[in-house]
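Once you scroll down, you'll see the structures, which are given as structure tokens.
The same chain A turns up in both complexes below, where it pairs with chain B and then with chain C.
After this line comes the complex of A and B, so read on.
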């Protein structure tokens, strides 16, 4: 049988929609260019722009600052990677412990609740000082623990508290009928968690988790109080050497470049989830 | 698009452009005075008072007991001597506090002069004015008794050590320019943090200026060891000067005051009272 050919009216409709689409794109491009030009002219004619440009956007200092800031940024990346993995594992453990039912597990639940209260309340910088300077002071081992490792530990301790609460919200959002159904199939608590609850909870809280990850990317900069020279500290060193604030702009750009893919991924994934769970496919 | 939609869109764009244009026109012009050369008439932040700034907290032996008003302490005494030369009574000296870094940033200042062991460097001269030097001191490197570099006798012995200093100081640049260790220099927000890291074993050694080194090893750190002083290198000046606002009207008069104090021996007297006789330390080569 011959495939159905669209009618002339339908072809006309499609051509119209295509033309409208092209027209919209052209209009948006022109409008953006005009807007950019207007903003640029306004900025450049502002009195003091020359000074701001020299102080924050000096091209020579920009280029000079890049090597040192890039090297510091590698420290940030390393700490971020290890912290992210550590936080994921530790927070899952904490959240799972908190789901244990029964009076006999009360001390564990109370401990986890206390842990999250404590570390969500304490500012990260205090935890950094306590862990970064206090733990080496205990002289537990003769080997020196690098400042990066101590910073990672502090980050894991603090962020696990936040992320375990996110997990807990996700776990509690899974409908109780799922747990009951799993029970009726004979699955134990741990198996239920692993096979039924956590996969669903993960889907619910992925946007929040990604959000926390993006936020952690910036907090990694705080480990510079322990002496480790990261991107922010490198920018500061360059800034005191050149008396110019452009290195901070360089460091900021590095952080934004790191965060952008994650942010876009979060947006895309949230949109996909929304489409899947709501009516995204119709409109 | 219908005509009414087009009209509304055009109105919106026009309104936006108008708003932006108005904003551009209405920004106040820059005050002319900031562009002109420094006025010849000395103007003080508070008329009739000499506003001196120092650190928060101010350290021994530069200020005793964090109370600069008493006149006790090397920099406190220098400040009062300069005030006297400028014609101020001791009662007319007002003390304020600033951080180390914020004092040498570009921008308006809350003080007439600032004394905080600032070394005179060309980079800093771009953003602030300095008086002539009131003291000269080399950088020194200190450690604790159980550190692996406690027995170091030369710069080569320090190459493998993890060395720290306060960020933004000439001590920090001294590590990178003079010692050039294989591990990157560690930067700390304050000397207090750096000393904390040293005593907990996080860094092997700490670079500070010589009087501070004497104080730390003698008083603050148990079993502190002064390894030695670093040789001076071009670009890392050891001279301390009073910091003034860029193109300040007071720079000339304060410089003259410091020069006069140096010539009549007052500065040497103050130094020997508060910083002790120059016991010196072995120079590391």
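After this line comes the complex of A and C, so read on.
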């Protein structure tokens, strides 16, 4: 049965689609090249291009800056790792607290609502200053708290507010009938949330969560304002030594390289979700 | 007289599963053809291939004199000539009943707002929902929604109407109003291909019954013969399960 020979009509259609495929690939390649050339020519012909090229894209400075910026970038990676874990845990707690029903929990719900309003409204850089210079001012310990740690705390505080709202949207997007069915089986509020609602919410909000993660990857660079010697700060040091801005470009490239795999992964996963929702149809 | 729709040797598989295995079918002008068969026999897939929502693996689909399975045809233009009503209505929830009906007339067929609205109101009147022109779908019952969906499908005077189990998602007491509307369409001469589980209705309205089994047409004929004296054993088994 598998060995059914396609008819001539079908073979003709396949050949036509193949040709169409080849044609569209060629068109896209040509249009990309033309576009790139136009952009390049326009840029090169701007009056100040020679100077900009010298101060932002100096190959010698570029190579010399790499070791120190890479060293600093390790700090960014460490902060990112701790922040990501911290945000995941803290935001889930916040979102779960917000689902609590009953008058007695009103203060908790109000606190969480106020918290997300506050930290979504406040610019990250201000949170960094408040945490970075405010917490040490409390004199909780005699030792100096490293800027890295303070930066991590500020990132967790800000991003948890965003991510908890993403969770909440996901929880609300799970149809109430699911909760109804779980409660009808005798599962409690917490168990229902943990075993029925959150697993479905996770699937819905994964693309949004990944997007927030990408966003956080680059905001990690802001901890340099607290004096942590990360990639951005290292680039600044290099820049003042060489009087050339190329080190910033180096640091920027590091951040892009870090973000790219995550961005691709997000796109791939979103496409897969979309594919699953419209099985078979070719619209 | 040429057929409105002609299927020749249609094959379609999903992965390893052969859903359609060589379907030949002809639908003449004003004819009502009922596709019946168990779930998974390929009824819905067949309807979707006619509307080019599913790419066939072999065979040809002719709409009048045009081979619409040819990849050179403009898919949207072909679909504009065919009306489809879905099992789940698929009305646009953000548009009123009237807007649902007039959408294609206004955008695809570039009718003036006045003409499209006049036609839409006339259709709403005909399906008995003149009072509901400004209602959104969530304010309508299932039967009302499905009648609006039918009006939406015929608003642009398609040459062929496809009905995909249009009563399967309805409460039993709402089935009648929808089937009555289909009966009226037949009386007006609309050419219809419908997948259905309503045997009594198929017997009553269809000019021809097509029994699909495992991706092939196992039996085909006028309803009077098919329902009273099915020739094949598979059709007999299917009908005895249904009539029991």
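Assume the second predicted complex is superposed on the first by the 271 of 283 C-alpha atoms of A that agree within 3 Å, B and C clash if a C-alpha of one lies under 4 Å from a C-alpha of the other, contacts with A are read in each partner's own complex, and residues count from 1 in each chain.
One rule holds for everything that comes next: a residue touches a chain if its C-beta (ideal position, glycine included) is under 8 Å from a C-beta of that chain, and two chains touch if they have at least 3 such contacts.
All values derive from a computational prediction rather than experimental measurement.
*Asks:* Of the two partners chain B and chain C, which one touches more residues belonging to chain A?
*Replies:* Of chain B and chain C, B contacts more residues of chain A.
*Asks:* Is A:243 contacted by the first partner chain B, the second partner chain C, both or neither?
*Replies:* In the superposition, A:243 contacts chain B only.
*Asks:* Please indicate which partner A:137 is in contact with in the superposed arrangement: first for chain B, second for chain C, both, or neither.
*Replies:* first
*Asks:* I'd like to know which partner A:17 touches here: chain B for first, chain C for second, both or neither.
*Replies:* A:17 contacts chain C only, not chain B.
*Asks:* According to the stated criteria, A:188 is in contact with first (chain B), second (chain C), both, or neither; which is it?
*Replies:* neither
*Asks:* Now for A:225: first (chain B), second (chain C), both, or neither, which partner does it touch?
*Replies:* first
*Asks:* Is A:199 touching the first partner chain B, the second partner chain C, both, or neither of them?
*Replies:* Touch status of A:199: no partner.
*Asks:* Which partner does A:4 contact after superposing on A: first (chain B), second (chain C), both, neither?
*Replies:* second
*Asks:* Could you please specify the touching residues of chain A with respect to chain C in the complex?
*Replies:* By the definition above, chain A touches chain C via 1, 4, 6-7, 9-10, 13, 16-17, 20, 280-283.
*Asks:* With touch defined as at the start, can you tell me which chain C residues reach chain A in the complex?
*Replies:* Per the touch definition, chain C meets chain A at residues 9, 11, 14, 18, 48, 53-55, 57-60, 69-72.
*Asks:* Which of the residues in chain B end up touching chain A in this complex?
*Replies:* 13, 16-17, 20-21, 23-24, 27-30, 101, 104-106, 123-124, 126-127, 162, 164, 167-168, 172-173, 184-189, 193-194, 196-197, 199-203
*Asks:* Flag every residue of chain A that touches chain B in the complex, lowest number first.
*Replies:* Answer in residue numbers: 31, 34-35, 38-39, 41-42, 45-48, 55, 132-134, 136-137, 139, 144, 147, 224-229, 233, 236-237, 240-243.
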